[in-house]
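Next come two complexes built around chain A: one with chain B, the other with chain C.
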Partner chain A sequence: MYSARRLVLAHFWAAFIVFFVAIVFGEWQMFVRSPWHAWIDIPEHYYRSVTGHGTALAYVFPTLIAMGFGYSISETSLKRPLLGLKWAWIAFWLLMIGAAMAVGAVATGSASVLYTFYPPLIASPFYYLGVVLVVVGSWIWVALMALNLHAWRKEHPGHAVPLAMYANVAGAFLWAWTAVGAALEILVQILPVALGLRHTIDAGLARVLFSWTLHAIVYFWLMPAYIAFYTIVPRAIGGRLYSDTMARLSFALFLVFAMPIGIHHLFADPQVGSGFKFIHTVFTGMVAVPTLLTVFTICASVEIAARLRGGRGLVGWLKALPWENPAMLAPALSFVMLGLGGAGGLINMSYQLDSTIHNTQWITGHFHLIFAGAIVIMYFVIAYDLWPHLTGRALISHGAMRLQLWLWFIGMIIMTLPWHLAGLIGMPRRMAYFDYSNAAIAPEAWTVMAGVVGGALVVLSGALFLLILLRGQRAPVGSLPEYRYSVALHPDAPVPKILNTFAVWVALMIALTVVNYGMPIGELLTLKTAVPAISVAR
Partner chain B sequence: MTDQVTSVPDDAAARAEKRWAIVASACIAFILAVVGYTGVHWATMPPSGIEPVDPTRLHVAGEFIESNLGTQMEPDGTLVVRLIAQQYSFVPQCIVVPESTPVTFRGTSADVVHGFLITGTNSNAMLVPGYITTFKTQFSTIGDHLMPCHEFCGNGHAAMWARVSVVSKEEFLRRLRAKGGPGCV
Partner chain C sequence: MSGARPRNFALLASLTVAVVFVASFLVGFILLPQTQQNARGGWWQAMCRAAGFVQSGPLDTRIAPPALSSVVVPTALTQTGTPEQIGRGATLSLRCTMCHGAAGLSAADSPNLAGQYADVVYKQLRDYQQGARANVVMTTLASTLSEQNIVELSYFYAYLPRAGTHAALRDAPALVRVGDPMRNIAPCGSCHSDRSRKAGAPWLNGEPSAYVEKQLQAFHSQARRNDVNADMRNVAQHLKPEEISALANYYAGLAP
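Up next is the complex of A and B:
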């Protein structure tokens, strides 16, 4: 590293500033709908905030992290300067302008439609154009990642692509294809209406197209965290990656199975038949497999570290782990949240069980536990691990880092577990206020208060995180060893050709999406079900 | 350092890995088998059907005209609950159903996307304008349930709560014969 040092730093700072502002809004949302606050005077303010929170944290923040981390992986794993640095900056500024446009439209109250759009509600066109710019910027990143890999391959014919880069490019391809669903929805359906060229829109078709993006986007968020599990954690704690092949297989499987499963978000919808709902259930089950493989491989890699440090016994080795190291603590906490969230996910995808919790507070709890919990805690570790290499200055405050990670974990648990319970007793999502004087709603009140308390810890943790990074930026300049990734247990084991290339996996990804979405989309195209649009723009 | 680690024999590592992959896949396959079996055997399917409807003409003609909303006994004796969701209420706001009797829900939206759940049950459905949502259910105990809208439908979303009142079969028949069909209270 690094010709891309400043580029990566810019992405991370922008990402974490957006992140912090958005979680403060999230906490405000929890507070105003809790029994500690009177009913909000203007519910639109609540939905404005929810739209901003979702847009910032679902689109802008993880995209910036994936891009920044991707550039850094490209340079450090391929050991060559990034090709297309100028284009990378153009992509960054496109993203910034897009984010400003979208958030600006939200701030003026012209786009309170939530980040999932919900046509026939139609917001200001600036909101959608902003989101489009964010996606266009990220597609430039996809092209740059492919280009850099291609250039490296030409210089190293027959060599195995470093695991980090293989996974990074898998994530990029996944995102390129994931975004197509929502892009079609915005460009073909929503924007013409928002610009006043058409006045009707097919709400059912829009939901199907969005579902294509809505689930796979979670795997795009997940990719940096999984890359950190495989390529950073074992190295940082002095272990070995248990299996390089299994790691590649997991990333390849994500590529194939992340897309053709989104209709599990539409189990309760009238515009998709039972057959395809069941098929998507089956594929959703399959996407759990790469995660289960990851859990095994990472635990085994961690055990190797413990045994190298003199750990003994069936479970006694756990004591020998370097728990004082944030790169050990974070994945452990992440796995707890991933386990709880994953078990919830298996319930959500189960067709019949889903009807008990669909669109309840359970779902909000589920994705906060997975994304804000298991995934974002690994974003922190990525930042902690990369920061010295980006700034040339050491990050020394390990105590503060551990406190920050614990606060995040405890906050998330206090916040999300009660939400699951609230969902089970029938608390709907997306309410700006609740009538707690209603005897049937009163038992849910404490779960909202738990959300405020947990949220406060989360905000505190977020602030501490920014402080640690700032302190790192001001530490004295030091000299650093070269940035390294985990070494596999058998570093010279041959990589099967199929796990060194993407052709088969990308072909499967596209083919399965076409099979699993072609019929449902085609069927709706033949129905005349466009309905009048309803504008919320001012 | 590498030599210390290779004290784990290669094939033992590969075997453990393979065993885990098999166990994990078997767990998922079992869950899917349960989902498939209950779906077919008990006919527990999510609401589906793909029936289009014109939301701008609901009040003019067809099964969703105002006099037809609420719980109705069809000529063949089956019970059908018809409802409409609109910004920001359900029509009707209170639905009366008899206990332990199969009822069919048919609903749609007059404007944007809505949805509803009936608390304490697994009745849960989306109402998308342009489509009719249908599902069958029954309520095993007498009592009241809340029926909130659970999909963001605009700034008044949080005010959109209806009620389902489950009454005894006799009480239901008495109200059914009353003028204007079965209503709450």
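Up next is the complex of A and C:
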């Protein structure tokens, strides 16, 4: 079928194996902190596991998914062989080597700094070099996506770029720019200290630079899920995409607004001026716009499918939907989690409300609900949808898929909602153990036990997912129609030039970064505050 | 791909973003800083404050260069303090617990003060006051203490029981340190230790291993029944034979 098949399969298998190992560690973390286990003897083991879990699931897993899915989109939507296949393999192996270096450093206990780095904690240089290799590999992917789009444009002057590719390249450009913050932090600030060339580090500046990456990286994780919402779901359930223009506008707005908002992670940081915190709050509010556009457009697209299938009435059409289809069930579950998580997110991004939940388990609950819940459940759909086209074999176990998606959803809800409550009653995050015999802490105990139960369902779901894919690899070879994306309700509607190119959006993204980050970074550079580095490497 | 007047779209998008920015700038940098309770100066100063510029210059965290120590330790400090002095010292020590720990044992790599000689604590605090020793935190905290306060703090810390080293704590079996909550076993150390003791609980360090083992077995089988509130029977009934031996060996190996 297409030339990048093995490449995409390699990315997906690597991603999902890393994913499964990391969620098993996550479940272990919940268990050792619960009253079902005595206090952990060596807290460092807990932090080692958290660092591994975070590094694998925040950097390695979603990057591999975005890259694999991106290569697939490039071939199937542009309908031409992938340019630079060799470079794509080089990028894949760079990623693998980087991941092995980083995880190896974590496993030996010389990098228990958590995936957000937390200077002045300093890990073994292998850890940071590993993360840098992962990022460098992903930048090769960014270049390849731009190159393939450019080549297609030359062959099709005046044509509208297929929506999937437009969104894919928007995600790639977003990632290229957003990774710059953490890259600067590692290369300019952390590595010289980790290599022993310097002994102090400006932790405040490091936090600001990391926040540059920290929030937009979430939208990089989210891009594949949103691409699936727009270009896979309507087709898979037999509907039409309600508006191609709205879809393009959403992705363009993510490019503009995802980046200059990271200081909402630093509301408690005394080194950043309150004016900038307010501006970042406002722009974080703006990033809700493309998400709300998406929820509206996808609901409208789904309604079209229902009415085409004979659904009637104000809400009666919901019954006509193909609920037995995983591609229908998953986005519905995803929207429930996105809604709950988004509501929580509005609290996180509000300068004043944030102070009640800052650094509590609420935050852990929030990002698990959004990323591990709403986004990863769509990664499953992407895999289910692509697998037959990658292996040439049909995936027929729809019952197992539905069970897997429900397990994931129920597990996530049981795990993350009590986490939110735990945060509200004051449980801090990043604790290796709790003294549940303390009367003030005892009421929090059940939330951690709920986390263990929810986590067990999540691990079960992850195992079932791998089994379904493995069974798919062994099914008899069949013949498949060409891979298609959703068709818009008005497929021939003209696409405005601004929604077919990136120049304006990239320019706005960079301009907003300069005005929203320029002064906070400049101030810290001139203040030259630094603290002694604390090495955790052995 | 007709794209009616594409230039206008670009302008519109940029203008929208600019309007959002200017509006949030006006609120975040002009309106909000002026309405804050501690607002001082005009709009320009409010704007500088909101931008994060430090108005009054950085706080002076420099400490005068150390002078030679001239402390004379009162001879009374070679003896123990009165209960009133120790009690007042305990109250004063609440300012110290953040770094030196609630029981004078630090979890923050600050020195352990539990059981420290009174004259040592006295001399160091006076040296901080007089500049013979310098530390950003300690110099500031010591500066407000009176002579009487320092004496009381010194007596209080001398009174606190010394603890084993961190290494010794780390090496103790989990049952001694944290117990096993799921089996309803309280940590041995919560009653039998140098840091905390319950009335009637014996000192076990250095006891013959055979004796401790036999008594735990007796509590386990309910043969021995003279423990207050059945505390030991409750704990021992959940212990496995190999855990009993390990605990007995651990206590036998400690210095009496």
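Going forward, the second predicted complex is superposed on the first by the 537 of 538 C-alpha atoms of A that agree within 3 Å, B and C clash if a C-alpha of one lies under 4 Å from a C-alpha of the other, contacts with A are read in each partner's own complex, and residues count from 1 in each chain.
In the analysis below, a contact is a pair of C-beta atoms (placed from the backbone, for glycine too) under 8 Å apart; a residue touches a chain by one contact, two chains touch by 3 or more.
No experiment lies behind these values; they were computed from the predicted model shown.
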Request  = Look at where chain B and chain C land on chain A after superposing the complexes, then choose clash or fit.
outcome  = clash
Message = Just to be sure I read the superposition right, which of the two partners does A:271 touch: chain B = first, chain C = second, or both, or neither?
response = both
Remark   = The answer to whether chain B or chain C touches more of chain A is B
Task = Would you check which partner chain A:436 touches, where first means chain B only, second means chain C only, and both and neither mean what they say?
result = second
Task = Look at A:523 in the shared chain and tell me whether it touches chain B only, chain C only, both, or neither; answer first, second, both or neither.
result = both
Inquiry  = Between chain B and chain C, whom does A:286 touch in the aligned arrangement: first, second, both, or neither?
reply    = both
Request  = Check whether A:256 is in contact with chain B, with chain C, with both or with neither, and answer first, second, both or neither.
outcome  = second
Task = Considering only the touch criterion stated at the top, classify A:490 as touching first (chain B), second (chain C), both, or neither.
result = first
Query = When the two structures are overlaid on chain A, which partner does A:242 contact: first (chain B), second (chain C), both, or neither?
reply = first
Request  = Please work out whether A:396 is in contact with chain B alone, chain C alone, both, or neither, and reply first, second, both or neither.
outcome  = neither
Query = Where does A:515 make contact in the superposed view: on chain B (first), on chain C (second), on both, or on neither?
reply = second
Ask   = Following superposition on chain A, which residues of chain A contact chain B and also contact chain C?
value = 271-274, 277-278, 281-282, 286, 523
Complex contact set, residues of chain A against chain C = 35-39, 41, 158-160, 256, 271-279, 281-283, 286, 436-437, 494-498, 500, 504-505, 508, 511-512, 515, 519-520, 523
Inquiry  = Quick check on the complex: what are the chain B residues that touch chain A?
reply    = 1-2, 4-6, 8, 10, 13, 16-17, 20-21, 24-25, 27-29, 31-32, 34-36, 38-39, 44-52, 55-56, 87, 108, 111-113, 115, 117-120, 122-134, 144-146, 148-158, 161
Task = Using the touch rule from the top, collect the residues of chain A that touch chain B in their complex.
result = 43-44, 46-47, 112-114, 116, 118, 120-121, 202-204, 207, 240, 242-243, 246, 266-274, 277-278, 281-282, 285-286, 288-289, 292-293, 296-297, 300, 304, 307-308, 346, 350-352, 354-356, 358-360, 425-426, 428-435, 438, 440-441, 489-491, 523, 527-532, 534, 536
Key: Residue ranges of chain C touching chain A (in the complex, touch as defined)   = 1-4, 6, 9-10, 13-14, 17, 20-21, 23-25, 27-29, 32-33, 47, 49-53, 174, 177-182
